[in-house]
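The next part holds the structures, each set out as structure tokens.
After this come two complexes, each holding chain A, first together with chain B and then together with chain C.
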Partner chain A sequence: MQTMSSTDSITVDEGYDADNPAPVIEPPRARTGKTPKATRTNFELYGWLFMRLSGILLVVLVLGHLLIQLVLDGGVSKVSFAFVAGRWASPFWMAWDLIMLWLAMLHGANGLRTIINDYAQRDNTRFWLKMLLYTATVFTVLLGTLVIFTFDPNIT
Partner chain B sequence: MATPTLDKVSSPGQDAGHLVTVTFRIRRFNPEVSAEASWQDFEIRIDPKERVLDALHQIKWEDDGTLTFRRSCAHGICGSDAMRINGRNRLACKTLIKDITEIKDGVATKPILVEAIKGLTVLKDLVVDMEPFFQAYRDVMPFLITKGNEPTRERLQSAEDRERFDDTTKCILCAACTSSCPVFWNDGQYFGPAAIVNAHRFIFDSRDEGGEQRLEILNDRDGVWRCRTTFNCTDACPRGIEVTKAIQEVKKALITRRF
Partner chain C sequence: MPAGTLYRGREGMWSWVAHRVTGVLVFFFLFVHVLDTALVRVSPQAYDDTIAVYKTPLVAFMEYGLVAAVLFHALNGLRVVAVDFWNKGARYQKHMLYTVMGVWVVLMAGAAYPVLSHAFRELFGS
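Moving on, here comes the complex of A and B:
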């Protein structure tokens, strides 16, 4: 720094402290009298609740899925076309996978939406990242749903 | 001369056995000189039972008068001297030097880092622009809202009803919580813990009738749902307010209101 007093006990330190570096945090976009515009919906409330409720269901669905696919009955080496065809012959496993697909995708997408809201600095970046996210989510959910419903075990 | 004089004049250097040498590493910023902030070390002799605020005073008064910081009451009441000390938000006037440093042979083993609170624009040295913080505070309408005629007597309240929001009445608006919140660091449009604490103080006050309005405000995009329960605010609060709990209570009130 520029201002040095004559006391020689004062030393100027150029860099940050080596064993305790404090990250510099730039001020974020600020709140003013005009921002933000009120939306008067319960969207964020439902989003928050959905994360928790879908999380509870995902514990069962995802852990069960991993157990069946990767651990039981010879582990991952048993997974083949025939194995999948056998499981999807039952409406129970079709429903399991369908629910898991939708919940995990919506849960993951809403989680990423939160992260984009947190970290995107400019409105434009925010908008386009979300568009990319929503496109990818819709595409994956629709494709997965299509496969579950149109799966043909006799395909050649 | 009739004026009474002291028998013994104490000379400097004497009776100074209680003093220790401590280095204060302070993050300086002066926009008139440089666009960059930088750390500056001040080595001082001070009683370790003094507070960081006393050290800042000593530096300002004896070493470098340009050091700039806010303080008013110096006793943890006005909320003006929240700063980041050794990486944690605290009030300089409530932080004893001996509690945050290790002293060996009369010398502190490590420098004490002092910098402005984060997430608000630094104006100079340790002084930040508090306007966005107070804007969020004003936005939750932190005042009594009632309908109907003014009562002729005081508004009575049972001890239990008073207890309901006792914790959140203690806030001194120091911004230690809001400026410790990672969500606020990244997006200052979030109301932040302090505004929610002060909304809580009225939402759960049996005499107040504006709770519904305040809940509506905090239900929006930048309200309580952005809170990620990191507990930084609870750790930072110099008044010991259970900030995260207050935020969760507002969330709960919103959910039970809906269902």
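Moving on, here comes the complex of A and C:
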């Protein structure tokens, strides 16, 4: 009785050989020239990672900020120009606020980008909502940075 | 409309909804907050006049709401990180959500007096 190995049967059934090779099937996730531009980088992976790393840092920065501003030393009642002048006399608190500003704005903007992608269905709507988001984000980050670096306690 | 096709998830879905809503709320607050802080570049009076709004009773309650949103988002965010990076995270996601809610209740109770007492003092006399 004759037995056939599975490789034999494929060769026999499909008729592939050195002159007639089987077609090459690309691995499903391989990037080729036809891959859309948007998926040629790992941008979404880095975004995902950034949300988690910045989130961990923001726990300390934002909860610390809220503790200082709303709980310690009389809560909001003590907040005033003089109070801010006292805090921004120290490079430590300037750096704290600067890092908090950048991380919270980028974390929040990236979160909102996801939400816009989820709910805005028309290409045009999605595009313009994201342009609005990016414009507002760049403006706010630059303004906040400028305010920290140009703060003048003797302004009149 | 076919009946019964609306997905009503359980703890996992509702915590995701709450995480999304609180994230958006805090982000919108941050825009306003950077603008009000920028008034320190205009004049001390302009800044102090605006910050006076933060000290009114109504806004004190909104601040308590902000604390509620930030606290939930922060604690649940740590839970999301644990689900993604801890090898038992997915198995304990429900336990972690109840832990988050427990810690949230305790911290909110602790924040009530410092954040709201001045509002009550103003509303009902010293």
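Observations on the model:
FYI, the second predicted complex is superposed on the first by the 118 of 156 C-alpha atoms of A that agree within 3 Å, B and C clash if a C-alpha of one lies under 4 Å from a C-alpha of the other, contacts with A are read in each partner's own complex, and residues count from 1 in each chain.
Note that contacts are C-beta pairs under 8 Å (C-beta built on N, C-alpha and C of every residue); 3 or more make two chains touch, one makes a residue touch a chain.
Owing to the predicted nature of the structure, the values given are computational and were not obtained by experimental measurement.
In the superposition on chain A, contact of A:Leu45 is made with chain B only, not with chain C.
When the two complexes are overlaid on their common chain A, residue A:Thr156 makes contact with chain C while staying clear of chain B. Once the two complexes are laid over each other on the shared chain, residue contacts for A:Tyr119 go to chain B alone; chain C is not touched.
Chain contact summary for the complex, chain A toward chain B: residues 1-3, 5, 7, 9-17, 19-20, 22, 24-25, 27-33, 35-36, 38-40, 42-45, 47-49, 117-119.
Of all residues in chain B, only 25, 27-28, 30, 33-34, 37-44, 63-64, 66, 84, 86-87, 110-111, 113, 115, 118-122, 129, 131-132, 135-136, 139, 183-189, 191, 216-217, 219-223, 225-226, 251, 254-255, 258 touch chain A in the complex they form. The residues of chain C lying in touch with chain A in their complex are 20, 23-24, 26-27, 30-31, 34-35, 37-38, 40-41, 43-44, 47-48, 51, 54-55, 60, 63, 67, 70-71, 74, 77-78, 80-81, 84-85, 111, 114-115, 117-118.
Across the complex, chain C is touched by residues 52, 55-56, 58-59, 62-63, 66, 70-72, 75-77, 79-82, 84, 101, 104-105, 108-109, 111-112, 115, 136, 140, 143-144, 146-147, 150-152, 155-156 of chain A.
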